[in-house]
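Encoded as structure tokens, here's the structure I'll be asking about.
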Amino acid sequence: MNFRYQTKEMDKIWKEENRFRYFLKVEKAIAATQAELGIIPKEAYQYIKKAKYKLKEVEEFEKITGHDVIAFVQSLEKSIPKYSEYIHFGLTSYDIVDTALALRCQETCCIILDSLANLKETIKELALRYKDTPMMGRTHGVHAEPITFGLKCLSWYTEIERGIKRIERAKKEISFGKISGAVGSFSQLSVAVEEKTLKRLGLEPEPVSTQVLPRDRIAELISVMAITATSLERITTEIRNLQRTEIGEVAEPFFAGQKGSSAMPHKKNPILCERICSLAKIIRAQIIPSLENIPLWHERDLTNSAAERIILPLTFNLLHYSILTLNKILKNLAVFPEKMKENIRESKEQFYSQTLLLYLIRKGLKRSYAYEMVQRLSFKAIEEEKDLSKVVKEDKEIKRYLKQKEIKEIFSLKNLLRNVDSIFKRVLSEEVKND
Amino acid sequence: MNFRYQTKEMDKIWKEENRFRYFLKVEKAIAATQAELGIIPKEAYQYIKKAKYKLKEVEEFEKITGHDVIAFVQSLEKSIPKYSEYIHFGLTSYDIVDTALALRCQETCCIILDSLANLKETIKELALRYKDTPMMGRTHGVHAEPITFGLKCLSWYTEIERGIKRIERAKKEISFGKISGAVGSFSQLSVAVEEKTLKRLGLEPEPVSTQVLPRDRIAELISVMAITATSLERITTEIRNLQRTEIGEVAEPFFAGQKGSSAMPHKKNPILCERICSLAKIIRAQIIPSLENIPLWHERDLTNSAAERIILPLTFNLLHYSILTLNKILKNLAVFPEKMKENIRESKEQFYSQTLLLYLIRKGLKRSYAYEMVQRLSFKAIEEEKDLSKVVKEDKEIKRYLKQKEIKEIFSLKNLLRNVDSIFKRVLSEEVKND
Amino acid sequence: MNFRYQTKEMDKIWKEENRFRYFLKVEKAIAATQAELGIIPKEAYQYIKKAKYKLKEVEEFEKITGHDVIAFVQSLEKSIPKYSEYIHFGLTSYDIVDTALALRCQETCCIILDSLANLKETIKELALRYKDTPMMGRTHGVHAEPITFGLKCLSWYTEIERGIKRIERAKKEISFGKISGAVGSFSQLSVAVEEKTLKRLGLEPEPVSTQVLPRDRIAELISVMAITATSLERITTEIRNLQRTEIGEVAEPFFAGQKGSSAMPHKKNPILCERICSLAKIIRAQIIPSLENIPLWHERDLTNSAAERIILPLTFNLLHYSILTLNKILKNLAVFPEKMKENIRESKEQFYSQTLLLYLIRKGLKRSYAYEMVQRLSFKAIEEEKDLSKVVKEDKEIKRYLKQKEIKEIFSLKNLLRNVDSIFKRVLSEEVKND
Amino acid sequence: MNFRYQTKEMDKIWKEENRFRYFLKVEKAIAATQAELGIIPKEAYQYIKKAKYKLKEVEEFEKITGHDVIAFVQSLEKSIPKYSEYIHFGLTSYDIVDTALALRCQETCCIILDSLANLKETIKELALRYKDTPMMGRTHGVHAEPITFGLKCLSWYTEIERGIKRIERAKKEISFGKISGAVGSFSQLSVAVEEKTLKRLGLEPEPVSTQVLPRDRIAELISVMAITATSLERITTEIRNLQRTEIGEVAEPFFAGQKGSSAMPHKKNPILCERICSLAKIIRAQIIPSLENIPLWHERDLTNSAAERIILPLTFNLLHYSILTLNKILKNLAVFPEKMKENIRESKEQFYSQTLLLYLIRKGLKRSYAYEMVQRLSFKAIEEEKDLSKVVKEDKEIKRYLKQKEIKEIFSLKNLLRNVDSIFKRVLSEEVKND
């Protein structure tokens, strides 16, 4: 599989031909165990551990037999002068294929986790840098109350952190191999061979396998990756929205020489963010076939196989590419605090209405009465395009309940954001302790 | 939401109108905390803790305001003579709605886990009962080597066990609430109110929320449920396949009075198994919208809401119904060990070919030479419709390598299944220790 | 199935119990044909055409037999004093169930098409009303070139029109019934009975059926509905984006008494648009199980059945509800042409850069040279927050190529929008002919 | 994009670098029109029509600009000595990209349709060859009534035929281009340029475009391809089921040299059928992102782009590969009519029970009475492992209603299959007329 948006780390694992590297690792680990247990001659292992395959040869053999593992074993056999009959001894193809798959998935998780750790660090820095930078909070696309840009980043931070934990768990759950034969009954080998071999490879033995490993493990892995891919979509959708011409609060970095549009030279578009959103759709879509792969017939059928050859490289490459790209974006993100302030001002203090409402209730007013009064003032301020505090100060009815000093207290941005520090402390206790 | 395949346990939680019971729980817990912290008068809580809503009233109010939480609060307010303004004090609707949602999901997980524990127990009994009952193992729908029916059940057992662990983890991850206001900044209340209240309710505080809880938690919950639903599909597809007329090894129970077909009175169809397969498709499909709900705009938009009102009741009801139904099927499953043996016999010992192959290799033959010899004998046996051992005994070439006694050893079913006990021991160490 | 967002029209067809009305229609049409062809006594039909079912009775019988069609037939039988044995004569259940399903889907399409015709008309009016109202066109969320609001609506109009054509085609493709017996071989009846009966019912005969109708027809129906649902999502996402506080060009109608937020009385949120977006996710997700229903085993299995009982009512109700709701929104949409103009002005004429570029090329400049000059001027204008025409007029380099009069010609909004009429004419030739 | 299961025909269209061939076609067609209309100098077209791109050059330029169309145009410009500024004159990138996409999709449809026509022909031959070959019909995996193998094939035939019609319609719907500029308003060019150019290219003009073509057209194309892919899954699942060891009625061809299993030399597995089933899952999954691509923001965002670069080549390659492979399988399918007969015999005439039932009703018995009698006899026959006719002949109760001659008439296979010819005639009127 070869397509745009690949990363070289994933290519090393998932390029079709690279699976043979992992096959070889498994074959050798089994031979080592078999020699240790006296199943094959000790001397045989001395030869097998030096066995090699030639890619061209494997491909030629596969054309004849139509079976990749047989072709691979034939190539190995040709590479050693003696004992070749003890290669792949007592095994079924999927002892090799699926155990190799577990190794590849395990390694994939390590790389994805590394890239997520970097991303998390980048986001933490953003969050801390802009902890106290006020910006408008928006619900339904409409101004609500101010937050800080750091707080927004902090919510990304915790979401990525959850993603990391999920992938760590899924990594553990995918690190299971099997060397249990054609139907999982150990008809030729034994539980001991499996356990010793997998230990050598850093894997756990699947408690009960069929010819293959159970596919719910892969479905779980793809699920958690899809959740993380969609979390990236949340972050990049946010940047795209904040980069709108009318909002202009952040901007994806624009590199020298880059051209935005063949028609409109002035445009700076969040195209990398859009790409990550686009790839998230593809990654998500892999879950359905991953799940459909679970109910294989009896001790296995082959309907998972071709699908997995697409699902796995696609998901892992696209997710890894997306993480690296988002990290690059966020490391260079342009942030415009002045524009954020300006946008807050545009809202003409409407966001203080709840504070006002509660203040009135604390003064003893009925909720519904207070609600309607605040709504009336709020709509009036909008209509007259005035700051809400101004309308409040001028209103006769509300004057009966509030003093000027109290109004000032109500309409305070600092007051509104007073708890941001506490939120940061519970997430990043160390970094903000002495703040 | 009301549809076939509901269970009364899920109905209690997920029927639209029942959400108000959870809203009330949350409102009261908050009022208790607020009274404790002096935010509202202590006496107010004495009234609020007795507040009630009337369903009809809520519905009427909702028609006017178009907002269910406001309508609910209005109904509560009417139920107490004093202090009604301190109900829902300083809150945003989603402090209530989402915290209530967490409670409902948490309770749902408990019920699903209970039903899965029962199912697991039923499967364990099946596995132990048929531990030593030989049946044909099949790959690609074609006879491979014998296994035992108990071993097949044991693989279901471990898959359900993994499902349970996933749901337990997801339950922990869904047990987070939020009382952080309109944009998650605690503009009206405080981190302390949230933490104390959620502790009262048995929930953790979401480290950083927006107006709502982050939706990746729900996506995870639906994912793990979809994996388990598809594991049920694996089991029921297996039963359907084994119940085929030509195979006839097991049968779904057929209850007195039940009619199989309006046209064909003799038919016994695995309709419950088919239903579980059918429902698994629906449950799986819920993952995509659950994921699409993650990238809400800014501090939230409402595009998750209507979808969740369908996804959640649908998934939870259908999964619970499927688990209960499968448990009923497996508790009463008809198993036909004689037919299993007969089917093994039909295979005419072809499944011993690998044992034969390895024996020949151990004797010093080259793998490829041995493979071709065994393949030749195997195809000959098929053509002549003879048992493989008979063809082997008659073959001149193979006689050069094998004695009659060795042939007997090779063609032994007991030998082929010798490791089944070891597999059981590593899964159910206690139950099979003294076996 | 009963859930929020149902419409009464769909309820009449899709409420579980209402399927019996259609069953009855089919049973009677078959009996009529059978009497006509002499398969059953002519007098028998005189009785059967008066047969009725009692819902309660059917439900009770179903509890015993576990089979809804048998229960339904039993209830019919009880309702007539003679000839009851000729009810359901020679049929298999699915002759009734699937032919009734075709009738229900056909009727559903009519209702959906009606509602879409209304929606199309509403959009046409919007398009014509705002044909010449300039607004900013945006790509990547960033200002591009002006369009008119009418043109935007016109693109919705043609998309809905395509949706209508697709549903019309799917309606034709779903209007196929079958009365071909247990395995589609007409073992008890004949091709003639099927053809005559279906003609009576306004359906075509399925050329080759099994026990059931082929499920690719339903998959097609759900697909086209999902496409239309997502077209609605496109329109409502657009409104949500245009209603953002910073953009403010349109607004979803806000009805008297409605409350926007329990915390923020001033907010006007596009909640109906958000709801339509939310429901589109659910509708889309139905395609996957609809497709998974196609590969039934042999002459049918039952794994489509339970899924369809959910997919069909869900899809049809949600889509119908969404269409009706969007029609209501668009009929009352608030449009703010002044704000549109203001937003255009904010872009400081950047959008004329391509016109400028081409003008320079026509003057004989090399594309790359011209592109870089325009980009430079464009970035300068942004930096200095000036209108592009002003920067152009002041620039020495460009003066060498352009006269003042030409600059005026380049920077003309009217010129930019000169082709809008032609677009309208090719879509709505009649309405804009004499414009 | 490069992966297993590609076909060379699709590669020609969909390999990333091949898109430039189509870009060039579009650029030249536009230049021709522009020269004709006097928008660019006539002589300029004489140069442009000879313009060429160098792939390496394009790739290098793209690395600098990050924009493939600009890079492509730069390479074209370098290839002609004069008039290069009139290349891409007045265009926006997507005038080229999306019109080229329409050409590629159109060509794809032609190839897919060709391969489907071949497949349809192959299936027709199978259907006619086995028109009168009886085999058991099965519902719920359980024996129902006999059909013929030809009839089963005929149902595949009509399903493929429906698939062809759907793709033909989708082909028409995808054959729309756009040359309407950056926001679809023809700000630089005109409706006339678009219409004339597209006519040259064999495309229709999109009535209203934005910067891009509306994505519902692509969603429709992918939908119909997914339906056909799943129809292939229905056929191959059927073959897999019929090839089960216990059923053995058909077999996927097994080619010389091919090895079935590294462990079990005797096995013949339906691996190509399994592969087609596997790929169908992947194709199906592409619908969701195709739909998600419809609601682009405003006059377009880029979130469809990266996804389409994967969805389109993947879907088209895998579907084309699957069709070619299935055709190969069916052309060489092994069919075992003797085994089919044997399986019918195994059912011990149970399938005559409905004929018996109706015969009794025609004799004047009440349906419920007759049903219970037949069910009793049917269960008795099963228990005693006797043919149903034998049990019937021995039964005292039924003797009161039926003569020996009548029993013979009831238990006739020829009678049961008497309508198969009529079904063939309505599908293949010419081929079976004189049969």
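In order of appearance the chains are A, B, C and D, and numbering begins at 1 in each one.
Simple rule for what comes next: contacts are C-beta pairs under 8 Å (C-beta built on N, C-alpha and C of every residue); 3 or more make two chains touch, one makes a residue touch a chain.
Since this is a predicted model, take the numbers as computed values, not measurements.
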Query: What are the chains that subunit B and subunit C both touch?
result: A, D
- prompt: Would you say A-D or C-D is joined by more C-beta pairs in contact?
  reply: C-D
Separation of mean Cα positions, subunit D and subunit A [Å, integer]: 34
Task: Averaging only over C-alpha atoms, locate the centres of subunit C and subunit D and give their separation in whole Å.
output: 24
- request: Name the residues of subunit C that each touch 2 or more other chains.
  value: 73, 88, 92, 138-141, 144-145, 181-182, 188, 240-241, 261, 263-264, 269, 271, 274, 277, 284-285, 288, 292, 301-302, 354
Subunit D partner contacts - residues on subunit A that touch it in the complex: 1-5, 16, 64-67, 69-70, 73, 88, 91-93, 181-182, 188, 240, 255, 257-264, 269, 271, 274-275, 277-279, 281-282, 284-286, 288-289, 292-293, 301-307, 309-311, 313-314
- prompt: How about subunit D: which of its residues touch subunit B in the complex?
  reply: 136, 138-145, 240-241, 243-247, 261, 263-271, 274, 288, 292, 343, 346-347, 350-351, 353-354, 357, 371, 374-375, 378-379, 381-382
- prompt: How about subunit D: which of its residues touch subunit C in the complex?
  reply: 73-74, 77, 84-90, 92, 137-141, 144-147, 151, 154-155, 157-159, 162-163, 166, 169, 173, 181-188, 190-191, 205, 207-211, 214, 216-217, 219-220, 223-224, 226-227, 230-231, 233-234, 237-238, 241, 277, 280, 284-285, 287-288, 291-292, 294-302, 354-355, 358, 361, 364-368, 370, 416-417, 419-420, 422-423, 426-427
